[in-house]
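Questions regarding the structure given below will be posed in turn.
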Amino acid sequence: MARSGRLSEATAGRGLPDFLGRPGPTAYHRLNPLTKATIATTTAIAAVALGGLIGPAVLVAVAVVGPAIAAGVLRDLVRTSVLLALPIAISALLVNLFFFPGGEGELFRIGPIVATEEGLGLALEILARIMAISGAVTLFYLTTRPSDLVIDLERRGMGSRVAFVANASVQTVPAMVERAGQITDAQRARGLDTEGGVLRRLRGIVPIVGPVILGSIAEVEERSMALEARGFARPGRRTLLWAPADRRVEALIRWGLLAALVAVIALRISGRLP
Amino acid sequence: MIVRWIAALLAFAIVAGVGLVGFGNFLTGVDEGVFYDIEGANSFGLVFAVAVVMAFVVYAAVEYAQTRSLSSITRQFDTRTIVLMPVAIAINIVLGAAVASALKIPIYLDSIGTILVGALAGPIPGALTGFLTNLLWTYVVPPPFNSGAAAAFAIVAVVIGILAGFIGRAGWLRPRPNQPMRSLVVWAIITVVVIAAMSYLAYLGYIAIIGPVAIEVANSNPAFVVLGYLALALVAGTVLGLLYLLFARRDLTAAFVVVGGLLTGIIAAVISAPIAANVFGGVTGAGTDFLVAAFRQAGLDVANATLGQGLISDPIDKVTTFFVVYLIIIALPMRAKARFPQGERLVERGEASPTDDDGWRGAAV
Amino acid sequence: MVELRTEGLVHVYRGSGVRALDGVDLRIGPGERVAIIGQNGSGKSTLVRHLNGLLRPTAGRLLIDGVDARRLRVAELAARVGVVFQDPDRQIFSGAVVDEVRFGPRNLGRSGAALRESVEEALELTGLAGQESRNPYDLGQARRKLLALASVLAMRTPVLVLDEPSTGQDRAGAARVRSVIESVAAAGRTLIAVTHDMELVAELFERVVVMRSGRVILDGSPSDAFGGRRLDLLRSTNLEPPVAARVASRLGVPGAVTEADLVAALLRRELPQ
Amino acid sequence: MTLTLTGVGYRYAGTSDAALLDIDLELRSGEVVGLAGASESGKTTLCLVTSGLAPRAIGGLLRGRITIDGTDVDAWPMHRLSQEIGIGFQSPASQLSQVAGTVFEEVAFGPMNLALPRDDVLDRTWEALETLVIRDLADRDPRRLSGGQQQLVAIAGLLAMRPAHLILDEPTAQLDPQGTRLVTEALARLAANGASILVAEQKTEVLAALASRTVVLEAGRMVLAGATGEVLGDPRLPELGVTPPAAVRLRHAARDAGLDARMLDEVHAGG
């Protein structure tokens, strides 16, 4: 969220510029990235382990919708997580509703395929689980800058090389899409017809995917030299400009959530959950 | 050195044992009277995968304790490999997302980058590329590329990276062009036998897992018969593809590419089935879902339907992916690939760099 | 041969809403040699992408031999208007130079002797003859650019558009680009070059189109554009005329834009004294 | 600090013929040395060898000695050498670290890798931005800048490592005239306050503006060396695949046509 326009006086001196590590707009945004990641992960896994309908529904209400309102991102959350979950949800509904083996309670029938009650039950269960997972992940994504999480993990001891790969991947994905677009233009300018039928489009895969991969790999050599020219290969930890704030109470929350998750899984395995 | 391997093997055995006995298919709990959970057998692949990762963690911990460094591991991470990984991760995600949404065909093509890094740099970088791909794909990559399901399958990507690493190290992806007809025919026969054996073993394993009860129900149902023919057709297709590659391109490596792809595909299917079944009820929104529906229509439950789907689509996906990676390796200039840790093993014999002295010397450091 | 005409061509980019083309009326007859110059963001490359249909007009029309290009698919337009983009690494995918050059003509359905002959000619012209089986990435960046040029040359399109052909070329590479421009023109094909290389424009082109903020502000000969009279117009797009033209205008010999013209004009002026 | 190459040769990994042979070159502090030559004449190879990337990062075989103030640097690892010698490349985009969301973080990338104390990293970063007068770009996204601005950010990233010598391999090759002017003016400012630079360029106008001494390579060997004015005026330049600056071309054309070259000189001198 770099701010354009004139630099304020605060950064006229030599300290850390104010546009780095700027706290988020709401309390939930300002939570430590690892805390928000723990909330998302435990919600997703617990939804799977709990199974059924009530479990995931409660989780969504407490750990997804609640914080989303607090963070003021509810509208985006609903739109994005539904978009995210739609393909899986439709498949889950179709596959389970109509193909539930040994289902007796017939709801309705389309030709040979029978929609059964058990099928509907299982389909709804999977739907609830999927909504919980996509909701939790979307909440995390909407309230946390990816690089903040990577910096936080690096401060806690994660290798600086793994941090590099994570951060670089976030920038490489959109760059690769842009590259693929330029390549598609260049190949179409050389007569490759991408507006024909499926077969014709399949013929276009190698001329488009090829340069994306070859071009990117050919750049690896110059990129790695440029990094080594700036001391990248130096073993050991590196200095961080800043790191997100963390508080003891959040550490307690994280361990508490993990403990609860382990308890739920243990209950599930030992079969004592419904 | 030996201590590390012993510690790692021990860790593997413990985790695998505990997993099989107690864990099984964690949705159904342990069956009385049988020392392991029959219905959970289908998740033994997942348990082994977790055991492999635990073994690696123990190996690294012991090495760190002994030498205060991870040199045997970090050696595989030179700057070039680290810079390649984000490119590989982006290739997985951009191609994976494009294929999954655009073509709706029963393959994913989302492990090209993982296999490429494995082949070029080794098992550990390959595993890390796969692992980070799936985590970033869920937690960090914004829609329309985000995939909520990817993180759950991280363990599968780790195993694919490791397998690709060993396949690359074994030199399977080294081009062997214009071979004499005689050796092509010999290798064609060997490979067809290997493909048939692997397919039959996969079939036997599948029948053993889904258990005798399900087989009567399945056999009587036309859908199951259709799936059987589909599986056979795909195996035949693989063999035909292999023969075309061998004799049209006279490149023996085609045999290794196909076998490597099948091997990785089957292992990936066995590991991913329990995850797909238990976490997502067997569906991922990709083109493979209609296979699951067919298996379910044939009367199999979620876990076995997902395994069936995996055993059909994963091998084909991985053979295609290995072939695409092989084409990339061929198209890469010598300079680009020779510099990677396992680069020398991907280069045609005789292309390696000549070295004579009279004052010339390599990097001292 | 092909006549290109744009009538009131406007293009507004959907995402950013930028009005890259603001009403362009241009006629480029068969066999003409036209250089298009202008600052970054003046609309040059947007105009080029309309010529082969990669971009469609927001308003106005592009006519090819009087036919509205809207009805033609990009693949059909590519057979008439060949465009060579600036970055070779955003199109090369073959493992060997010769396969890369064959890609274009093959897409147009050419094969056999005709294909072989057009490929050989293109390799010859760009100085890549003899490099047929080499891996493109073993050639330097400059020669990969020539390979991209060869791959479009081989399509033998009636109109050839070059985007920044001489950027990043050394002396030999620049000479190659010039010989390609001359041979294409000699074959009577239309040649359009988008470039910042003012020496190239002055020496090889008979017509210069100057663009600023999506409009054509000057369409005349190099001496019109670089000569004394219209220099203010050129400066308004903060472009610099070639050195020879600057020296000429200071020595009171306007109209001379190339080094050869300048020296010839000075000779004439010095001898009569 | 003086960087000296004596009898240096280099062969790329997997090739049998040498890309560089018998190079004797001395880079004294406070001096800008120009490097000219056709494509693939060895300019890039000489930059890579002088910076230490060849053979450390890209392998291959080296011959001869490279010393800094007399000390042989053969055993120095790359991250130590990169604090003495910085190297910039032709393509601005491939020099971005791809992990920085702002220009400030991009320039700070090098000092961060050296694990210097945080305040030292901040000081070096601000100093580098001020030296290249791009302080107002500090909060911009590096990927959204023009080619010329990106090249300045890359050079600032090198300056933050406080190298004694800066090596630039065709910094303006991919830039338009406006970007070329931007980079050339910035480098002229650096040279004015005593920076030591080795700059390879096809555009001899850039060398004429910056370098006091210039070397010309052909097929990996040094074929011309001397004061920039002399070298760029040398009639053999075109056969060596190098196009002299326009001013020189004009003077030669005038002389060949029997014109009074002196007149052209004083007119152009004012230009």
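Letters are used for the chains, namely A, B, C and D, taken in the order the chains are written, and counting of residues starts over at 1 for each.
Note that a residue touches a chain if its C-beta (ideal position, glycine included) is under 8 Å from a C-beta of that chain, and two chains touch if they have at least 3 such contacts.
Since the structure is predicted, the reported quantities are computational estimates derived from the model, not experimental observations.
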| item | value |
| --- | --- |
| Partner chains shared by chain A and chain B (touch criterion as defined above) | C, D |
| Most contacted chain pair (by C-beta pair count) | A-B |
| Intercentroid distance (Cα basis), chain D paired with chain C, Å | 30 |
| Chain centre separation in whole Å, for chain C relative to chain B (CA means) | 48 |
| Whole-Å gap between the CA centroids of chain B and chain D | 46 |
| Of all residues in chain A, the ones touching two or more other chains | 164, 168, 171-172, 175, 206, 210, 214, 218-219, 221, 223-224, 227-228, 232-233 |
| For chain B, residues contacting two or more additional chains | 79, 86, 331-336, 339 |
| Residues of chain D engaged with two or more neighbouring chains | 56-58, 77-78, 98 |
| Contact footprint of chain D on chain C as seen in their complex | 39-40, 140-143, 167-174, 196, 199, 238-240, 242-244, 246-247, 250-251, 259-260, 262-264, 266-267, 270 |
| Interface residues, chain C side, partner chain B - complex | 93-95, 135, 137-138 |
| Chain A residues touching chain B - in the complex, by the definition given at the top | 37, 40, 44, 48-49, 51, 80, 83-92, 94-96, 98-102, 113, 122-123, 125-126, 129-130, 133-134, 137, 140-141, 146, 149, 161-162, 164-166, 168-173, 175-177, 180, 206, 209-210, 212-214, 216-218, 220-221, 223-224, 227-228, 232-233, 235, 265, 268-271 |
| In the complex, chain C residues that touch chain A | 49, 52, 54, 73-75, 78-79, 82-83, 85, 87, 89-94, 103-104, 107-108, 137, 151-152, 155 |
| Residue ranges of chain D in contact with chain C within the complex | 38-40, 90, 146, 173-174, 176-178, 202, 238, 241-243, 246-247, 249-250, 253-254, 257-260, 264, 267-268, 270-271 |
